[in-house]
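Same chain, two partners: chain A is paired with chain B first, then with chain C.
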Partner chain A sequence: MYQFTIEAIASYFGKLPLAIAHTLELSILTILLGLVLGIGGALCRTSRAPVLRLLGRVYVELLRNLPLLIVIYLVYFGLAQLGLRIGNFESALIALTLNTGAYMTEVLRGGLAAIDRGQYLAARAQAMSTVQVYRYVVFPQMFRIIYAPLGNLFISVVLGSSLASVIGVEDVMTWVHIVGNESFRYLEAFLVGGAVYVSLAQLINLSRLLVGRALLRHQAPGARA
Partner chain B sequence: MSAVLTFWPAIVKATLTTLWISWLALVLGGIVGAVIGHARLSRRRVLRWSAVAYTELFRSIPPLLLFAGCYYGLAYTLEIRLSPFAAATLALTLVASSLMSEVVRAAIESVGRGQRLAALASAMRPLQVMRYVVWPQAVRVMVPAATGVYITTLKDSSVASVIGYLELTRTTLLVRETTGKSFEALLIAALIYLALTYAISWLGALVERKFHFVH
Partner chain C sequence: MRLRHFGRLLSAGLAFVLLAALGAAPAAAQDQTSILNQVLKRGTVRIATQPGNPPYSSMTPSGEPEGFDIEIGKLIAAALKVKPEWVTVDTPGRITALQTHRADLTISNFTNNTERSTVVAFTRPYLVVGSKVMVLKDSKLQTIDDVNDSAVKIGISRGGTSEQNAIRIAPKATIVRFDMVQDATLALKSGQVDVQVMDSLLNASILAKDNGASFRNIPGNYSYEEIAIGLPAGDFDWWRVIDGFVRQFVNSGDDAKLFKKYFGYDMPPIR
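Up next is the complex of A and B:
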């Protein structure tokens, strides 16, 4: 009979912090690069030039409709066959960034679209500079709209980063696989790995709630949703 | 390219497998999700909290971990030896049901309390209220969101490749190993996935229009 005991995998806990660090490193880099890509994408999608708009749209449609796993394999195996050899961490980062950038584009575009053109004109009429218009009028309102979907996106980045384990990135998921394969304590390994991911995801959820509360505090009572 | 294309019967079969398993998971996930979604709106606190815990749990665990857990985890610990197909269906259903529970909850909430109260005031029993007033309207609201869940499920089904289930991604990797043509094989898989997801969005929009669901 199987005896559940977490002590059986205690000797592997020493390697867990490094695995979590790799997961976090991959996720944070993805979020930062994805944000850059998303800003570019959102500017393209709202651009006045039809070519840029089309480009932005094709990018978003392609990446949002492809499984992340296929994108990871395409970057890692596909590009290698074409002579472009990229390390496994970098491949995972590129694939995750491309994927996240597409979703980020849509989130940011939604935020931009929610702000009426009249507000830009009104701010301009107050003799605000372009930087001031964005700093004091556009961004504060946009942030209130996008912080919630942004939180969801961050969670899916952390969860998606687990797919990097299929090309050998030593993240939490790889730790789970190694522990399971060496000790046959699969259930314990999955529970610990699952707990790590759930904690990370709920940490993001919690900070989103706190940000939301802080944002609403500064809003006029009448404007509260 | 031609080396990869000689494997077309396997690729076609794998494409159908991918469609079939994600459809199955969508239906099963829809049933489980409907129950969880209703529990979310229950007056009983225990039910409500369990539903929240279920949804949050399966939304916070990477699909990869779920697939591996359902396949290796169950086999080695509880001695439940599921086939790759059963394990993949179970894992995909867990993901799909947590997504569907949110869709169902939002759809029911969209109907509005006033209508429910009015129906109750017309001497309808609670079940009649749901059957004749709430559900017919909620189903309409659900169509676009459920289409999105189907697409997500289809994309997540690619993760079943890690437990050796012969769906499109797994088959593509085998073709890649046999032919050595990584780029071509993966490109074809990517195009098939794109075609499938587009077909689903198109069908979803068609269903919406056909039944005059457009608001």
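Up next is the complex of A and C:
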């Protein structure tokens, strides 16, 4: 019978902080770059130019319907075979960002679409410039709408980053594999790794809540800054 | 708000503890009788195998397992008059499947060593292999001393013996771990790593297929590994039957015949 003991893998906990740092680094960079890509994508998808709309649409449909694992393989192995060798961390970051950017595009586009046309017209009637319309009218309302779906997306980025281990990125998932392989305590390693991912996802979620609360308080409904 | 967040964290934690308890329970229940009796009663023997490890074991396009190790599994099932049931695992999964009783046997290019023997049981070997160090044909690396350099990246499949071998052969080199042997070979071919450390037979079959087009070996053999069938530890009856099968399989010459069929050359002697 399997004897469950966490102490058996205690000697590996020293290497865990570095693994967590790599997972966090990958996740946070993906979220930030994904946001940038998503904003670009959403602007393309809602653009008046048909070419940009088509471009945005092709990007979203392609990346949303490709398994993340395949995107990672394409960037790391595929591009390398064409002569473009990208390191494993960078490859994972590119693949995760492309994937996240597609979902982010849809979330942001949904937020933009939810703002009634009348809002733009009313803001224009107040003699606001285009920048002001977005800064004071569209974005504050949009932020409320996309706030919850963004949370889901951020968590899926943290969990999806574990796929980077297949191309040898030294993240939490790789730590789990190394502990299992060396100590043969796979169940313990999986559970500790799982607990770490739950905590990291919650940490990212908590930061989103804190940032969101600060921003929403600042942009109270009807407030004119 | 903060309290609600804490509640969510707590429920996630509770779910984890429950999961752990569930994982431990069936293993305890299964241990009441020998696996031998369970297999005979069930009418199937569950065999852990890796899909991406030809010619030992791989999947046909229609999803049927095939290979040297698969044939051995079928022979064991036939000898026990039960049906084989394949449990697909990756390299480390060969051990976990036995520890958690998801499989009754692991027949998957599985090296018997002291470390592994402390957690799972092994039969006598049906094959003895070494370790080879493979590079691209036009690589600058010529000797093992060239490989032992921090600028050199060695690709290996994690959980296999090649990981320990790579560290032993070239302690200064950078190790890049992949999930499957094929991924490590792909990484070598696409230039993402400079070297692949792998078992000698797999290496021989890759070089035979490649026919000098893209790969070559750094001269030398770098390990002695006994390939055997793995079983859950602590079940003497089950081990007795399977080890007996392997003894007859090897000494009757069936082993060598099957080897030649899948590898295309004569089996190296088992010392």
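To be clear about the criterion, the second predicted complex is superposed on the first by the 201 of 225 C-alpha atoms of A that agree within 3 Å, B and C clash if a C-alpha of one lies under 4 Å from a C-alpha of the other, contacts with A are read in each partner's own complex, and residues count from 1 in each chain.
The criterion applied here is as follows: a contact is a pair of C-beta atoms (placed from the backbone, for glycine too) under 8 Å apart; a residue touches a chain by one contact, two chains touch by 3 or more.
None of the values given here were measured: they were computed from a predicted structure.
Undergrad: Aligned on chain A, chain B and chain C: do they clash or fit?
TA: clash
Undergrad: Would you sort A:63 into first (chain B), second (chain C), both or neither based on which partner it touches?
TA: neither
Undergrad: Contact-wise, after the overlay, does A:19 reach chain B, chain C, both or neither (first, second, both, neither)?
TA: Touch partners of A:19: none, neither chain B nor chain C.
Undergrad: Does chain B (first) or chain C (second) touch A:44, or do both, or does neither?
TA: Neither: A:44 stays clear of chain B and chain C.
Undergrad: Which of the two partners, first being chain B and second being chain C, lies in contact with A:123: first, second, both, or neither?
TA: In the superposed model, A:123 contacts neither chain B nor chain C.
Undergrad: Using the touch definition from the top, say if A:142 reaches chain B (first), chain C (second), both or neither.
TA: Neither partner.
Undergrad: In the superposed arrangement, does A:133 touch chain B (first), chain C (second), both or neither?
TA: Once the two structures are laid over each other on A, A:133 reaches no partner at all.
Undergrad: Between chain B and chain C, whom does A:74 touch in the aligned arrangement: first, second, both, or neither?
TA: So A:74 only meets chain B here.
Undergrad: Comparing chain B against chain C, which has contacts with more of the residues in chain A?
TA: B
Undergrad: Give one of first, second, both or neither to describe whether A:177 is in contact with chain B, with chain C, with both, or with none.
TA: Both chain B and chain C are touched by A:177.
Undergrad: I'd like to know which partner A:167 touches here: chain B for first, chain C for second, both or neither.
TA: After superposing on A, A:167 lies in contact with chain C but is clear of chain B.
Undergrad: Please identify the positions on chain A that touch both chain B and chain C, taking each partner from its own complex.
TA: Common interface on chain A, chain B vs chain C: 2, 4, 77, 80-81, 165-166, 177, 180, 184, 186-187, 194, 198, 202, 205.
Undergrad: Which of the residues in chain A end up touching chain B in this complex?
TA: 2, 4, 62, 65-71, 73-74, 77-82, 155, 159-160, 162-163, 165-166, 173, 176-177, 180, 184-187, 190, 193-194, 197-198, 201-202, 205
Undergrad: Which chain C residues qualify as touching chain A in the complex?
TA: Per the touch definition, chain C meets chain A at residues 1, 5, 8-9, 12-13, 16, 19-20, 23-24, 27-28, 31, 92, 95-96, 99-100, 115-116, 118-119, 155, 158-159, 163, 176-179, 183, 186-187, 189-192.
Undergrad: Using the touch rule from the top, collect the residues of chain A that touch chain C in their complex.
TA: 1-2, 4, 76-77, 80-81, 85, 88, 165-168, 174, 177-178, 180-181, 184, 186-187, 191, 194-195, 198, 202, 205-206, 209, 213
Undergrad: So in the complex, which bits of chain B are touching chain A?
TA: Touch list, chain B to chain A: 56-57, 59-65, 68-69, 72-73, 75-79, 151, 154-159, 161-162, 169, 172-173, 176, 180-183, 186-187, 189-190, 193-194, 197-198.
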